[in-house]
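Residue numbering begins at 1 within each chain, and the chains themselves are lettered A, B, C and D in the order written.
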């Protein structure tokens, strides 16, 4: 018998991490900017929200967007740094960013140091404390808004610009796209959703500590992003579901769990590099065909593209 | 239309361009030829803002543009193609052109606007037709042969509605037939009132197409005039024979 | 909105609704707690069994399992057998929270044990408390774990008491006046450092140098060099046995002063890693290996058999956590979580592998004597026992 | 106080040997395939364990080093053949995650095979120590530094003076050109992984012996510190890796000694790296384009 609260906990976590992954998908999936430090943005949002609500008694409903904005601002900084760096340098710089941010959480008492911040209040709405299923609904409403933003972005010039800088920066410039500006946008927008996810995570767990946002969490988010599939608005939710559910399913394996998980991951990536629903994957082609209402000619050509 | 005044560019110890002065007149097809390493592509990169000059000025329609970023220059009306084609490989031909068609929307906060408006879709389709890619509208561009990718390159440049179009070796690596088709295409473009500046390696092709020519050698202008005059110029022949005879042949 | 937008919006709404429906349907089918009065008594357990902290997690699991087997082979509790339901938390707070719900609702345990560290235990503790299921924390030190949580208990020492004991021991047994402290940058190290410093200063000594290090550190020479420059007369190292390297490096640098460690050093691995350098090191702990008590010796032997290595403090603490729960269930005469919690609070003088637990305070923390052990010939031996109530009484 | 400043320098140089040892192998393997080879740290820890087992059975330090290096070399080449070569065409983030998953796998397998708890790795050599002007140095330290730095010089000579090494450098520039020059590309990739991984194994054993401890997660810090070093040096540069390792070791030693309350060690390392990258985006020894 699967218990409800357990299920709700899992679903809430899926929703929160899907939101952070959706942000990462903007930075990495659409704009092609490697970010191995997304968890740091989640942490920045979580601590912003936690500090505002515990030390300054600001309402959750104000802290939630502020958490996103804080991450957004730091995202601008990282975006500026990213302008000068090429692929692998950028990858390692974002790893470093993650390490430095959690180190600051650990070393400075504002962030609770190694003890973290406890008693983060649960949000209330019309006098009802939002917990378990109410909180899950809140998370999924926020996720739905983010997915709608994602959909809208795909259909706006923003999406076009991000894809263009991913493909070729010079070509993008020659089409009137200011590459620097859009790199900064890619990082800051991606960070915004991570920050909001961080706030949601903080008020869900009611206790956060620096180690919740370490580099391994960034890798988890990256795995969600790639397994679900890059450049797809549904990818993050699918990726988050897999990455969170699999270890739960593997739970009976106890100490063999991590080994099984690692092998599963390697096999999946080897045979499905586009992820479950990423641009160019089998499912993606089917869905696009459904929305277009016709079987498009790209099907075969995309298959060729996979090989190239 | 475009005036280049005392342009210099240095890469470390190498003087890539020295004291280049040039003028592009409205409506013409201007050729820039010269042996390998003469600085032709560097010149293009500076005009389009991809490189900053060491000294000198570039004036486009009365405005100094040498310090502007490439995207701004595009908005002012100068478009370019790349010698090594740079299509957005994983996007379809239509998406490639559409990205360029929206060039005015990448400034400020206009990027929040939807691209799926009739205005843009129609414009993109018109350009696809103009360059003769109707049959490949929904093909992923990276899969097309080089000849067709060159057309995408030109189409993208046209899509930004340029007043001045800079073509960097549009026929490099193409067969004779393909070159002839491109030639026709360039002529059609010019009929639409676009001024064209053309860097070419292929001298006969340039002679055939251009109204006027500059010859660059080792970063200096060594000759200027009508194609017929220029190819008879002694300095030019020396430059080609002394430098790389083979390149005239190719 | 055009057709495509509508389709997408519909799709998003459908996803949200489907999830809500799944949750609702499951809520409907969610049956009342099944009969808890039959079959074995289930006790939950979580610890990091994989990943970087797996060494301690597995030690704790072995310790708890040995306790369960011992109790079962001696007739069980209330005539029923105990069953340990254990999960791997990978040292992730998210997973510890999910496990808490799984143990409480799905496995329907009557009580649970944390064999995990402070972060995970603290994150999970409020859930056990809210759901009214007793949680016994084996060795995590963060004070907030038990604070204001009537259903959460701790059998291990609190960082506060252990730190105070270290400061007390330094002055009382070693006449230290200039102390240098290296401590790990986690709640364990930080609470030990703060309280040892306060206690030592209260007794007239001063802390002339302190530095914190992170868990995977193997090179302590930079800090030790700076510490040495301050001419300390005692060095405290608050870390785990894998930081035994620091002992060796201190000696190599010519620091021939007494070294005082903590319960994190309480493992035979200390001697394996530091070799002869470990001799003379004194640690503050609650596990007394020279104990004459039969079951302590039984436990140490049994552990060696099961785990293939001698027992450490973590294993002994998890063992005691099971013991405390068993005693409480026996005393309560029922498996009702509330009765168990009340029974724990009324237990006194429990003989455990980590020594005698005098009682549990109102805050749920075990009060017990603290022992000092010294390494001689690569073995731990009794050095002194601290019984001063001012030192050993938990703050709440 | 003067002596403690010198002592810190010595501490830093000793620490740098750890970084140089790991970065050298990493820079060779990165140079050849352009893959962020996180699993290198897994190879390193397996090298340490194999060396440990060899020491337990033979009691010989030299054999332990040799077996550690050989075992690691085989594991490294196996990873390259089975996982990297087939994934060469996939985007870098895919190989990165595969590499991280492999690293997790290697760590967990080591934990399952050799036990979760750390092992003491104390060798029987007597340790002598000398105090010169207040600065203490011991024989183990000298041995550690001597082996790492002579291995570094060996690799540098191999890469710059031998035909094989030079061919590898050519391959780093451009695989196609190397092919057209008649170079057996696959064999060369194998050899580079062999050399790089042997170095990882060697350093694993040495670090284990020097710090007298090995444990299944001993690669965790090294995995990312190694990247910092090769970034500092400019990817693929051997001299860069050596100098980068020295810079990192020495600056870390001083920074944590004097400013240890501001940030932890690893954060300092990354901070140094980011500052250098902002000033010189191609790394200290990388070529600008």
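Convention: a residue touches a chain if its C-beta (ideal position, glycine included) is under 8 Å from a C-beta of that chain, and two chains touch if they have at least 3 such contacts.
Keep in mind the model is a prediction, meaning the values are calculated, not measured.
Chemist: Once the contact rule is applied, which chains count as partners of both subunit B and subunit C?
Modeler: In this structure, the chains that contact subunit C and also subunit B are A.
Chemist: What is the distance in Å between the mean C-alpha positions of subunit B and subunit D?
Modeler: 48
Chemist: Compute the distance, rounded to whole Å, between the mean C-alpha positions of subunit A and subunit D.
Modeler: Roughly 32 Å separates the two chain centres.
Chemist: Suppose each chain is reduced to the average of its Cα coordinates; what separation in Å results between subunit C and subunit D?
Modeler: Each chain reduced to its C-alpha mean, subunit C and subunit D end up 35 Å apart.
Chemist: Please compute the C-alpha centroid of subunit A, do the same for subunit B, then give the distance between them in whole Å.
Modeler: From the centre of subunit A to the centre of subunit B is 40 Å.
Chemist: Listing for subunit B: what residues touch at least two other chains?
Modeler: In subunit B, residues 116 touch at least two other chains, as defined above.
Chemist: Going through subunit C residue by residue, note those that touch at least 2 other chains and give them in order.
Modeler: Those would be 50-51, 54, 58, 185.
Chemist: Mind pulling the residue numbers of subunit A that touch at least two other chains?
Modeler: 106-107, 255, 258-259, 308
Chemist: Chain touch graph shape: choose line, ring, star, complete or other and state it.
Modeler: Looks like something else, not a line, ring, star or complete graph.
Chemist: Quick one: which chain pairs are touching?
Modeler: The complete list of chain pairs in contact reads A-B, A-C, A-D, C-D.
Chemist: Please name which positions on subunit C make contact with subunit D in the complex.
Modeler: Those residues of subunit C that touch subunit D are 50-52, 54-55, 57-59, 185, 211-214, 216-219, 221-223, 225-226, 228-229, 241-242, 244-245, 248, 252-254, 269, 271-275, 308-309.
Chemist: Hey, which residues of subunit D end up touching subunit A in the complex?
Modeler: Within the complex, subunit D touches subunit A at residues 34, 36, 83, 86-87, 89-94, 96-98, 100-102, 104-105, 108-109, 112, 224, 227-228, 231, 235, 261-264, 266-267, 270-271, 273-274, 277-278, 281-283.
Chemist: Residue numbers of subunit A touching subunit C in their complex, please.
Modeler: Residues in contact with subunit C: 1-11, 13, 106-107, 113-116, 118, 133, 136-137, 140-141, 144, 147-148, 151, 205-209, 211-212, 237, 247-248, 251, 254-255, 257-259, 291.
Chemist: Considering only the defined contacts, which subunit A positions touch subunit D in the complex?
Modeler: That would be residues 28, 34, 36, 81, 84-89, 91-93, 95-97, 99-100, 103-104, 106-107, 215, 219, 222-223, 226, 255-256, 258-259, 261-263, 265-266, 269-270, 273, 308 of subunit A.
Chemist: Which residues of subunit A touch subunit B once you look at their complex with the stated criterion?
Modeler: 152, 155-161, 163-164, 167-168, 170-180, 182, 279-280, 296-298, 301-302, 304-305, 308
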